[in-house]
Amino acid sequence: MGLDVAWAERWVRRTAERIAEAKGELTELDRQIGDGDHGENLHRGFQAVVAKLDESGGAERTEVGDVLMVVATTLMSKVGGASGPLYGTAFLRAAKRSARREVDGSGVVVLLEAALEGVTSRGKAEVGEKTMVDALAPAVEAATAASDAGQDPAGVLRAAAEAAEAGAEATVPLVATKGRASYLGERSAGHMDPGSRSSAIILRAAADTAQDVTGTTAP
Amino acid sequence: MKKLLDDPAEAVVDSLGGFGLAHADLVTVHLDPVHVTRASGPVPGKVGVVSGGGAGHEPLHAGFVGDGMLDAAVPGAVFTSPTPDQILPAIQASDSGAGVLTIVKNYTGDVLNFETAVELAQAEGLQVASVLVNDDVAVEDSLYTAGRRGVAGTVAVEKIAGAAAARGDSLDDVAAVAERVVRGVRSMGVALTACTVPHVGRPSFDLGEDEIEIGIGIHGEPGRHRIPMGPASDITRRLVDPVADDLALEPGERVLLLVNGMGGTPLSELYVVYGRARELLEERAVTVSRSLVGNYVTSLEMQGASVTVLRLDDELETLWDAPVHTAALHW
Amino acid sequence: MKKLLDDPAEAVVDSLGGFGLAHADLVTVHLDPVHVTRASGPVPGKVGVVSGGGAGHEPLHAGFVGDGMLDAAVPGAVFTSPTPDQILPAIQASDSGAGVLTIVKNYTGDVLNFETAVELAQAEGLQVASVLVNDDVAVEDSLYTAGRRGVAGTVAVEKIAGAAAARGDSLDDVAAVAERVVRGVRSMGVALTACTVPHVGRPSFDLGEDEIEIGIGIHGEPGRHRIPMGPASDITRRLVDPVADDLALEPGERVLLLVNGMGGTPLSELYVVYGRARELLEERAVTVSRSLVGNYVTSLEMQGASVTVLRLDDELETLWDAPVHTAALHW
Amino acid sequence: MGLDVAWAERWVRRTAERIAEAKGELTELDRQIGDGDHGENLHRGFQAVVAKLDESGGAERTEVGDVLMVVATTLMSKVGGASGPLYGTAFLRAAKRSARREVDGSGVVVLLEAALEGVTSRGKAEVGEKTMVDALAPAVEAATAASDAGQDPAGVLRAAAEAAEAGAEATVPLVATKGRASYLGERSAGHMDPGSRSSAIILRAAADTAQDVTGTTAP
């Protein structure tokens, strides 16, 4: 069973809730090696996304990409900072690659690949530079493997979320060479990158809502 | 956290509201989306000069909007770069047909958001050039960082680019002189205390009663290293030496010396640092021919200071001396 | 205590040294005894205007020496009034034959030391008049106090007296307009944190994390009462109401509104207070026709602010608007 | 046995030592109800007095008043604040009334009366306003009584010092109505006035040196 526009909207609303819960955690991570605004930035952005979804009603949105486009433009205009344009571009590219009514397992992979490509094309970060790329790149890899193994969309997203969470954890020992944390040099080691953590949260919300929607039980 | 604010989430807008009322002769504050333009509108035939960045650095940038400096400023949330939908109308409002220069401090967020806005403006047929300020020698400009940060040197870039635009230079020429300032300006800062972002409510880092942070930025981020508190002379040397070395100042050169407060340090201490910095430059046989001492590029209520040195020549001196009429800089 | 100073005992002199170098075009700093005069010397035929008081309130008073304001300033030790042997040469250096006005903040120490100096100057045949600034409504002007203190309203007195002297008024006339400003100006301040006098090394009072002091002076002395921290709107009301009530402002009057920082509060917060104060005055149908927002009469690195209101009329507006060219005030 | 110029010089030097020791205490008292500079002010002043005495040598000073005049002019030009002109005037008036080689018991009373009169003529404070007058006025009274009772100069000064110390203690409950402490209103109660304390220190130094010089033993 594929993922449709209803899933996309539930995903985004769930993300807004999860970011609201994690606001303090993200802020604290960013306080350690950045400027302490990542939680507030994303919270402001996703609250605005929810408001936009509420006010426009769902009638005119029929494709998964329609929802992701609202996310893209709203994050772009409400978040600011580094994460605003990066997530904005990620959702923009993902929206363009999901202009369809249903997304299956390999469609999820295409969507995630587009998102990752959006982030790297704007931010020029590679794996290992202690950024959200360190969550998103392994997520794409794991999603590809899960899809190749014939998993359904919920399974593919679960694999992606797990890999993103592991990827975020794995940023702890890294020395940042992109973004604000790079200013700290060696002192950036020993802390998790806030953007990799928020990426994992977003993907976990995607997996959880996919499971709710498709009724698949965890393996 | 004790701050003279109502709702921390509205701090930027509330402050801009007061700013707009206090300086209605100079600026117009727009709230949707947030940006600040000159009250008198764009000057026919003049290149527009626009800057912006996260709030929390006041008087930067809105305090520099007015004759001889900026045509518009775009404040983001505290320490968060503004978004393209704020930047675009500021660019549009500053264009009189002669084109617009955007002055961007080198932070990933500012660069990405300004880039997008500039693309959008160019797509509308506007001529827009950009210059990136990266004066902070605390950060190495290498493959392993996001590049040097833009800090207090931004004041010099905005003043001199504004003066070049005011005298009628073309967009290319204004951009060129701004680039020349960027190449010749370096800064280094120290924090005695951290600052507290309103919606965070806790200090941005924890610093012992006898420790200071050397090589801080202007966003409450910790510095390059932590050392025990010492006398002003020693601290000033740690700021001046890397700046002068990085600029490779030669005996006989002349410079602008800017001692900038981070927001919570009294003016009297800034003058102590200024005196010491000047001695150190004079030991290198460098002449301080222009000076500025005060709180210009701040980090909320942080205690600390930065030293900025700009290599001068006749043209830059003339542009620095040119009249300026803004809320925060006036001569 | 972390301060950008070398020897705390030399803080005032070190700071003045830097100040003198940074503003050599405007001022000459004398160290024995300590006083600051205009670089250009007294203006022939012009009444001299001299002020002074303890250090720690920078830019007051030395930052106001220059065209259109003070001819000399006399800083004492931190928060300690200067001595007659400092004040006398400042008076002498400011006299071009037209007489000298001394502007003294109403503190026992300042009054006594200036009194002595003025007597000595008069004994030498100089014409000297004095005006006492006592704008702080936190202190009742009664038999049971040393009288209201002089605080941020001093800036208005110095600016306007300086402008009257610059336009050629006689000593009597300059003194009369200064008196008129004193009668029409009132202030009230709040502290969010205490300040630390360098040679003391500890905060001047102890304030809880959620407490503020209302009715503070500018010497780190505690205020009239302590209240829980609240939003800027509430705090501003506690400053504006007593000021406006004491002035008995009537609907239709116009005023200068000065929101003054105590040294450690960011400019962005001062603009929030300014916006709120302006609303409150407008609720009384009082027009704010002139404004000033910034750190002008500080208390070292204290966090806090004061609100000053001056009743204006055409003459005072003209004198306020007259050109001024000093380190800290410039238009 | 009367008190001469040597006593006066020892008194002043002893005062400088005692003020140096009490600097922190005076500063703390002034921090409570004033602006925290009284200790530093007097320390700066009396160090300057000692320097002045050292540099000028004792040769040209023959009368008690000669020493007190050095104190007066130095305090006046080095202390500032309220206490500078007040103590300066006190020593000036005392100097004028002790232009003699020897001061006996009643001469001490004259000297102290002149000092008190100097303070009140400049500062306009009366007893009970929580100022140095609350130490000096009882000192004069006690000195007068001791002198009337035939005590020698050291005894007269001891009586004065004790009364000044008691007077300083007695300022604790008072509400200040002069000087900076008056700004605090009711909140000034519960703290000793710093100027009354420094007055007591100065008089105690006078009594102790008088005893050293005249060899009188305490009663």
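We call the chains A, B, C and D, going by the order they appear; numbering starts again at 1 in every chain.
As a working rule, a residue touches a chain if its C-beta (ideal position, glycine included) is under 8 Å from a C-beta of that chain, and two chains touch if they have at least 3 such contacts.
Being a predicted model, the structure only gives us computed values, none of them experimental.
Among the remaining chains, those touching chain A and also chain C are B.
Path length between chain A and chain D in the chain contact graph, taken as the least number of steps between touching chains: 3.
Centroids of chain B and chain C (each the mean of its C-alpha atoms) stand 29 Å apart.
In this assembly, the C-alpha centroid of chain C lies 33 Å from the C-alpha centroid of chain D. Here the CA centre of chain B is 55 Å from the CA centre of chain D.
Taken as a graph of touching chains, this assembly is arranged as a line, each chain contacting the next along an open chain of partners. Looking at the complex, you find that chain D touches chain C at residues 27, 31, 33-37, 40-41, 44, 76-86, 122-123, 175, 177-180, 182-185, 187. Those residues of chain B lying in contact with chain A across their complex are 33, 54, 76-85, 107-109, 112-113, 115-116, 138-139, 143-146, 149, 197, 199-200, 202, 204-205, 217, 219-222, 224. The residues of chain B lying in touch with chain C in their complex are 2-7, 11-12, 14-19, 21-23, 55-56, 58-59, 63, 192-193, 209-210, 212, 229, 231-233, 235-236, 263-276, 278, 288, 291, 293, 295, 298, 300-301, 303, 305, 330-331.
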